[in-house]
Amino acid sequence: MQNESTPEIPLAADGRPLEQSLQRALRAQKIRAFLLVVPLLVFVLITFLAPIADMLYRAVDNRIVSETLPRTVEALSDWEESENEPPEEDVFIALYYDLFFAAENKIHTRLGSRLNYQETGMSSLFRRTGRRVDRFDTDELTDAFIDFDPRWEDPTHWITLSEHPEFANQLPETAGVWDDWTQLLIAEEDELSEEEPEDLIYFALYRDLNNIGQPVALMDNWSETVSAAQSFEPVSLREQFADADEDWLLPSVWGTIKRFSPTITDGYLLNAVDMQKTADGIEAQPESRQIYGLLFGRTLFMSLVITISSILLAYPISYFLTSLPMRKANLLLILVLLPFWTSLLVRTSAWKVLLQQQGVINDLLVWVGLVDDANRLVMMNNQTGTIIAMTHILLPFMILPMYSVMRTIPPSYVRAAKSLGATNWTAFWRVYFPQSVPGIGAGSILVFIMAIGYYITPAIVGGTEGIFISNRIAYHISSSLNWGLASALGGILLLAVVILYWLYDKFVGIDNLKLG
Amino acid sequence: MDMNTLPSYASTGEKVWFYGFRVLCGLIFFFLVAPIIVIIPLSFNAQNFFTFTKEMLAFDPAGYSLKHYQDFFTNSDWTGAILNSIRIAPVATLISVSLGTLAAIGLSNPHMPFKRLITAFLISPMIVPLVISAAGMYFFFSRIGLQGTYWGVVLAHAVLGIPFVIITVTATMVGFDRSLTRAAASLGANPITTFWKIQMPLILPGVISGGLFAFITSFDEVVVVLFVGSSAQKTLPWQMFIGLREQISPTILAVATVLVALSILLLTTVELLRRRSERIRGLTPG
Amino acid sequence: MTLSKTLAAGVMTLATVGSALATDLTIVSWGGAYSESQQKAYHDPYMEMNPDINIINDESSAEAVAKLRAMNEAGNVTWDLVDVVASDALRLCDEGLAMEVDHDDVLAPAPDGTDASDDFGDLIVSDCFIPQIVYSTTVGYRSDAVGDNPPTDICAIFDTETYPGKRSLEKRPINNMEWALLCDGVPKDEVYDVLETNAGQERALAKLDTIKDDVIWWSAGADTPQLLADGEVIMGSTYNGRLFSLIVEQNQPVEMLWDAQVFDLDGWIIPAGLPDERVEEVLDYLYFATDTQRLADQAKYISYGPARESSAPLVGKHAELGIEMAPHMPTDPNNSKNTFLYNYEFWADYRDDIDAKFQAWLVR
């Protein structure tokens, strides 16, 4: 390559063309710079981005239904809610098997809670039925089998049957149930040969023997067993379920199960915007349950009020600070930074002391005579409390960017305007203020972003009206346990923050963020 | 208009404006510090409640006591919490500072690819609502066995401290003269020596003040630790949160007073560092 | 270079401080005066007998169900023993998050040899639940704010004319819904039949709506005592033990309104999925902490009734104040003239449904 280079091209010391060499150096610099960032990038990816992505997945994750009720979900595929009839017997049978094992594994109540988020009443339905499902009248069939041949009572007889190579082919339903049964016993560390088979296994066998086409003898005495089973009195599971809870005859119950059977759902996200999935498609929630629009609105409104009050308080202060000589200004700036450095909890508890009805401010007002002792002001456990405390807490985030912008505005401009005849006010409004707008913008977006995600302060001074969407998210995580909805609400909040953050970066520049 | 002095020929309107504006600013400064000031006397309350008693208002010595301070320094709940905070915050700070400083140096390189995007990403832990970060970490750390462990809390706090280190260190890097490193390199120093001998002393004020921010972030953080930690990692803010919710005890106010004193100490340090940094780099006359 | 080594060494030291050789036993409870009574009656004597055991208190009982679920999902249970109310125990047991125990096997018999299960009797409401105390949720009021007309009836909560001022109620439907129906004219024995229906739930919320603007909602047991002490509310519901310490230990001008107090149970569950050797340690502690004497000892520090029948005669005087504890127990005949029986089964079944409605009503 070097041989082909013409003498006009400048060469670097190593004889390579200079341009190429420079590019190499540049690339090396790029790589070196990037390598310095890599460790942190990986760290933040693992400890921060991965958790958030994991949480967002919960907003759509819905494996619980098809994992808890696999047979039912499959059987329901042929049923349509629009027919306005409860499903056929085979769906009830599938539910019988599923619910039995779910109850044994103690996961049916969790499914009930999950479905209850979509339709109230499901939780109690699953709980009540779960208590009943192992006491269904299917024991009549168990007794019939044992009456016919007492060996059926013996687990080892069943084990022999299950070991026959044609078992799964000939008796598919029984084989499926038997499989789950053995797994259950393994999980509970019980011995298969010692545990009496449950009624549903007899029931499955009864079903298989009644559907059998060309019987292949699986055991001795087999054809007699088949014909005997065909003469047993059938048990209607539909009646059994209706007996446990007549809600099982409501098509809406089955509609809910069917609608929420896919492994991915938009149900939580819809709930987060006050919508729901019904038999007729996506609809608004009933009015009494529309709360998230209200809460998001409240969060935005309060954040806006907090931002505006911060601007109003921060502007004079920043202006005043710029007019002082550097040393004095820095000293006063400590007063701004002190709250910034003081524990959030400390400041919040201080506001609690100040704002309550028997608190310092009310005491003072009563003492001065401005307020009657019987009509003390209510400044806490409502929006006022949240707004006052959070304005105080976020004020430094407004003052610092504002001050740093104002400090760069040359005072000579205002002086020039005044020497040209402008009044004080005109000089300020037409000359000074426009130059300080970037500071207002930077501070406002920062304060607004921080405000809409607040949690601790509203929780302590906000009561029920002064809480933010974050408080609701926390409530769903630790109290109602509706983690899917918490994640969906979190996703929406996150989206709002990311948009604001993007705006901040676009208009202010993320590298212009200063801390004191 | 010079706000600092009032010329002798000022009109009445100008005088009113001059003093009115100062009073207004005084009130706003008062608003900023009043909540912090009001807790200091209350922390000496002889009663177990958050209100000023009649004795206190009458300056009766019987209304005051040091018992909440005594409780703070002797009650094992509080001392354990202090110990936990002291075990967690420095380690989290060390991680934030070391990884953050390296990255900030990389980010200050003019040839850094995707600089803006990466900076925005690295600063995002400061922007994302804490309850979202906390919930995400709670679920994810549970899954990988870090929930309720010392290292879980340390890593969570480290990531929250990183934006502060990035911001302060890149700020000091702005005035950094790159020809210095090139000179050192041309004199035969290897990159590591160059870093410790040339670069580090110059950006040290930024590193330390970033470190202080990261430290206070961990030391003051309550939301994430409530989710990610377990009682074995109960930090001071956590105990304070419990104190606010669970017990009727102004001990929390005594803690607050101690923390305010600590803040003033740290704040003075940062201010001195800033002055030193600006003096070194000759950026400011004052 | 040496600097970084020193730092690294420092970090390692910091990381290991405190993790001494003792076996840690993490016990989750409610915090406040209640945890203190457990500390004095159970933990301290147990640790004295077993110097190699170090008990760590975790005050997360309020979030126990959520945290146990997350731990279970991750297969990493970090708690050893959890103090929960009976309804949470039922729920945890239903969901397989708590371990089933044979009460006669793992608990001490009464001094006279009665089996543990008979000694605890009906209070064993779930196979996973080891009862500890009987407490009640009741109402306290400022005696200096009611003049000559102190409230004697639970419906004073809803009577804002006679008793103007704020009242504090718990931020959940349980108890509030029942009181609302009682004061809306539903006979005591029909409350749960009414509450089972949509119309009944609406009716209870409508009654609560009449005082919504006057309520401060609490979520921690100490909120009401704090609010009463600060004079922020005229009356408020909370656990009777918290009111006891406010009235008797802190000498605040507050009185109890025992009418329609709601009895509830609190006790232990062992989280499911603990390794065998940890279960063994927990059971050893539990055998000690739930014996007749220990349960009676707890009543020296807080006015909750011991769950064992055999403990009742041993309940004596307050450990520090020396007053008789019996008259302050919710079960004392003077206090239990009109009590309300809380229906666990009902709330286990309807909790999700009614809670969703209540919370939606609350934020509106």
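Just so it is clear, A, B and C label the chains in written order, and each chain counts residues from 1 on its own.
The rule we apply is simple: a residue touches a chain if its C-beta (ideal position, glycine included) is under 8 Å from a C-beta of that chain, and two chains touch if they have at least 3 such contacts.
For each chain, UniProt lists the protein as follows: A = Polyamine ABC transporter, permease protein; B = ABC polyamine/opine transporter, inner membrane subunit; C = Polyamine ABC trasnporter, periplasmic polyamine-binding protein.
Predicted, not measured: the structure shown is a model, and the values here were computed from it.
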Chain located farthest away, centre of chain B as origin (C-alpha): C
Chain pair with the higher count of C-beta pairs in contact (B-C, A-B): A-B
Distance from the mean Cα position of chain B to that of chain A, given in whole angstrom: 29
Centre distance in Å when chain B and chain C are each reduced to the mean of their C-alpha atoms: 37
Sequence positions of chain A contacting 2 or more other chains: 356, 358-359, 477
Residue numbers of chain B (touch at least two other chains): 50-51, 138-139, 143
Multi-chain contact residues (two or more partners), chain C: 230
Of all residues in chain B, those that touch chain C in their complex: 48-51, 77, 83-84, 86-87, 90-91, 94, 138-139, 142-145, 147-148, 150, 230-232, 234, 242, 245-248
Complex interface listing, chain C residues touching chain B: 7, 10-11, 14-15, 17-18, 24, 26, 28, 30-33, 56-60, 70-71, 73-74, 76, 78-79, 219-223, 225-226, 229-230, 246, 250
Complex contacts: residues of chain C adjacent to chain A: 62-63, 65-67, 69, 91, 94-96, 166, 171, 216-217, 230-232, 348-353, 355-357, 359-364
Residues of chain A that touch chain C when the two form their complex: 105-107, 109-110, 112-113, 116-117, 120-121, 123-124, 127-128, 288-289, 291, 294-295, 356-359, 381, 463-464, 467, 472, 475, 477-481
Contacting residues of chain B [partner chain A, same complex]: 1-4, 17, 21-22, 24-25, 28-29, 31-36, 38-39, 42, 50-52, 95, 99-100, 102-103, 105-107, 109, 111-113, 116, 118-125, 127-133, 135-141, 143, 155-156, 158-159, 162, 164, 167-168, 170-171, 209, 213, 216, 220, 222-223, 227, 237, 240-241, 244, 252-253, 255-256, 259-260, 263-264, 266-268, 270-271, 274, 284-286
